[in-house]
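My questions all concern the structure below.
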């Protein structure tokens, strides 16, 4: 019903439709230049950070677990927006001036690192102890067991929750406009500022995000299927 | 009291050799300017997606006359002063209204816009004809703006919104009765959205002035801006730019 | 004497699981360990394989390796100890993301870094020995329990241990599949492997063992030839146990 | 190092410290009047929505699964901000004018409903089939099995991921300020707008969020312990 | 004749698991079902309990209930069928969040909505019968496998079914714990319960059954008295199977 009315509002109003069509390309450009590279780079580095953090938290040394815990707790406990501000403006006030795009990458990677580390930790813990022991009995060291036996199995378990983190990240990148990075949502705001039709443009942005997330979920399915290969 | 004196006179404005910000800018030949890019018709993206608007053009002209390039850095109003404080920008060109509180924390150039506050009401409204009538009415305002203060001073209840478009949407939906805003911005809105069903019900007598905002302690830079602004006033360039955007001279 | 264990003790927290274990294993001999649930059989095997670190006691091997667990043990010695034995688990513990062949080559190739061709030949031979030459490229979930267990045996053999440890290798199997696995173990026995086997298959124990060891409550209650321990146990507890298993 | 410098900046600057102290109480009020009730109410209704959605998705009828899928996909695929705007301004344009606070509750509940439904669905699926069958053999209907056997067990599995959703919600409520609800973050913005010290106030807001999240994680631990009661 | 099954068929997808099952169960009789893994034993029990819906065939009960599975079956008849039998699972499937007592009362109290006091008395009696009067308030994870399985039996009995179904009730148990569970089943036999038991414990089957049924590959290959089927099987396949189980 709502959607109907909305479509009606849009189509009854040819100006609205024109605006919709004309703003599509700038927004897609915003996605291609901002949203997508931000997401991909931050996710990749974030996952590596997450892996290190997860392994630190699983260690039996306090001097490794405590920093990992504090990091995870601080990042998960505070708003993304503030993290961006601290990296960009806060470090700037203290004399470390980092450009917008790398600042965004740092903040988002730290964010992904914290959330994903919990996922990875849980997935490592979910692998039966027998797998560690079997690896040990064929002579593997901790690192070898982790790399060759545990992580490949943990990967399968962690794909669905990691894809949640990923999808959240796609949308969180819209915050990057606060620190001068132009992306999809910023584009919609720019156009809305000119035309004052913010509802239409925000809904359009939302649809684009949806499309991106949908495509990503297809990719997720593919990866999951590949990893399912070896389980019944 | 605020903590900004410390920030604004902090180490970043003179480098190790003691050169001032002005010297630095002139040497590099580029100035970093903070602006929203989403505040039409002052600073926004046109159909070709180019940053433009009154403030943007004035800024460009000033820089041209100083013989330097402009590097606009677009961010939201919320982080505008954070960007200035942390020396991300050297100046803000974004219709920053001059008021005593801000003056305590920042330096201002001479004003380049003179406007006034107006009350916007639904087209069919008849009971608001002056600023005195808004007492007790609910007004949609951007909470960080000058106009919020004006509305409050006249006894309106405040509802916070993100910008003019949202404020007017609130009026259209009957969630609030009025909004107090900048006359020029409202005029632009009414030109873009002629069917909006709103009108200007009253205009303040006192004028409000907006200017470029700088961190404190950069008199040399402010001075340089003022010189150029004066020159632009004298040779009519400023008036020309104003007329291009508003059809009238809003610069004085 | 391949290995002699003296005064082995192991506790988990307050709970003493192995209280004073003394035993000897001869090269080429087969030792069977029987006993009720919770008596410490698995823990004993895990201590022999260094999956658990004993609290006290001494291991002496015939090649001169000696470990005194009351003292600090060098990491290097623990590794030597671990590679002396191959372990076959009750629940197989195959690597589910690797094929049968990959499971078998993992140890020699990755850990021992032996020559790839040699390892492949070895692995193929071992899988053939356990009767799986046609299943090499299947994943564990594509194999029956008995087949998985036989891959487990091949995997343990692949690191070429001097001692093979089996922890109830057939108890997770369907009755009909038990036979295949026991047959493989019998073949190994005939080839002269040194083995320690925890099992509830008393008949099998009788056929295959050189020595049977009955554990209860962390102690070795009785040990001797299969005939002595299984047919004419001298201890009451042993009699009871054998009675209950044979006639449930 | 960063923290050190920050503390130094703050403490070297008594004015900054005063501001910090003076703004604490307004922000806490914002938390008590906005953040906390918004979070609690939205989470409660969201969980109920999530339960219904999860059960719909698990059904074998397309006319139940498809709406549930679309709902989950649409909400997870689009930014929270836009959802808030649609409920508040969008429905308003169509003539359904809802007040800010209830609008925020609706939008956040819908959001929680979508995210949590996936968690609940996964936790239901994680309960062994044998439990369904055992319930069936003592004569239970689908509903009885679900209520008495499956959900109590699924609850235990889903606490950690649901607490993620909850913690995200705490911070997402800051978006409610965009539709006129005053909460913690809005307070920090208001004070910052007056004093221009965005960094200090945002960091202060972040610390408060962290405290809230920390307290919530203690509550989570308690609940988990209670539910662990019956597993070894 | 309590129940007569005619022409029962069940397929999963393409795979026919029960091909043409005909059998009869007398009131008070005990039917044992044996056969190799995958032969369809579990599926047969599940069909009797309506956990699976047969594709074809007829059930006729002595109280007049008749189900023709080629036709549409009324929901009400399926419920009647289900409550005729109690099921004991191989893996117990106790409700882990409920104590032993709560597991037992769940059926009669919640489903059958019987009087609370009566149900409590019944449950206590049943738990006593299976030898767990002192474990009523423990959670499943606090019980041994054998104790859990006995709670499972009490839970199935509590709905007062006319037929008790057991699917390998002891095969997940430690050898020493098997005895307790089999003893409970023997007691039930002596009390005159009608039962169908899938088991690999051939000795037990011989002692307790009135009738033994050997399944293979979805068919009943042979059925008769325990002596006939277990001692003098007429079919080659039966002989082989019994051979392999008795002497692994």
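Order as written gives the chain letters A, B, C, D and E; numbering starts at 1 within each chain.
Here is the rule we go by: a residue touches a chain if its C-beta (ideal position, glycine included) is under 8 Å from a C-beta of that chain, and two chains touch if they have at least 3 such contacts.
If you're wondering where the values come from, they're calculated on a predicted model, not measured in any experiment.
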item: Touch-network distance, chain B to chain D, counted in steps; value: 1
item: Third chains touching both chain D and chain C; value: A, E
item: Most distant chain from chain C by Cα centroid; value: B
item: Distance between chain centroids, defined by C-alpha means - chain A, chain C (Å); value: 47
item: Separation of mean Cα positions, chain D and chain A [Å, integer]; value: 18
item: Chain centre separation (chain C, chain E; CA means) in Å; value: 36
item: Residue numbers of chain E (touch at least two other chains); value: none
item: Multi-partner residues of chain A (each touching 2 or more other chains); value: 85, 89-90, 93, 198-199
item: Multi-chain contact residues (two or more partners), chain B; value: 7, 78-79, 82, 85-86, 166, 169
item: All touching chain pairs, where touch follows the definition stated at the start; value: A-B, A-C, A-D, B-D, C-E, D-E
item: Chain B residues within the chain A interface of the complex; value: 7, 10-12, 36-40, 44-47, 49, 73-76, 78-79, 82-83, 85-88, 163-166, 168-169, 189, 192-193
item: Contact footprint of chain B on chain D as seen in their complex; value: 13, 15-16, 18-19, 89, 92-93, 97, 177-178, 180, 182, 186, 189-190, 193-200
item: Complex interface listing, chain D residues touching chain A; value: 2, 5-6, 9, 73-74, 76-83, 85-86, 89-91, 93-94, 115, 118, 122, 160-161, 164, 167-168, 171, 174, 185, 198-199, 202-203, 205-207, 209-210, 212-214, 217
item: Contacting residues of chain A [partner chain C, same complex]; value: 128, 130-131, 133-140, 144, 148-149, 152-153, 156, 229-232
item: Contact footprint of chain D on chain B as seen in their complex; value: 1-7, 78-79, 81-82, 85-86, 101-102, 105-106, 143-144, 159-162, 166, 169, 172-175
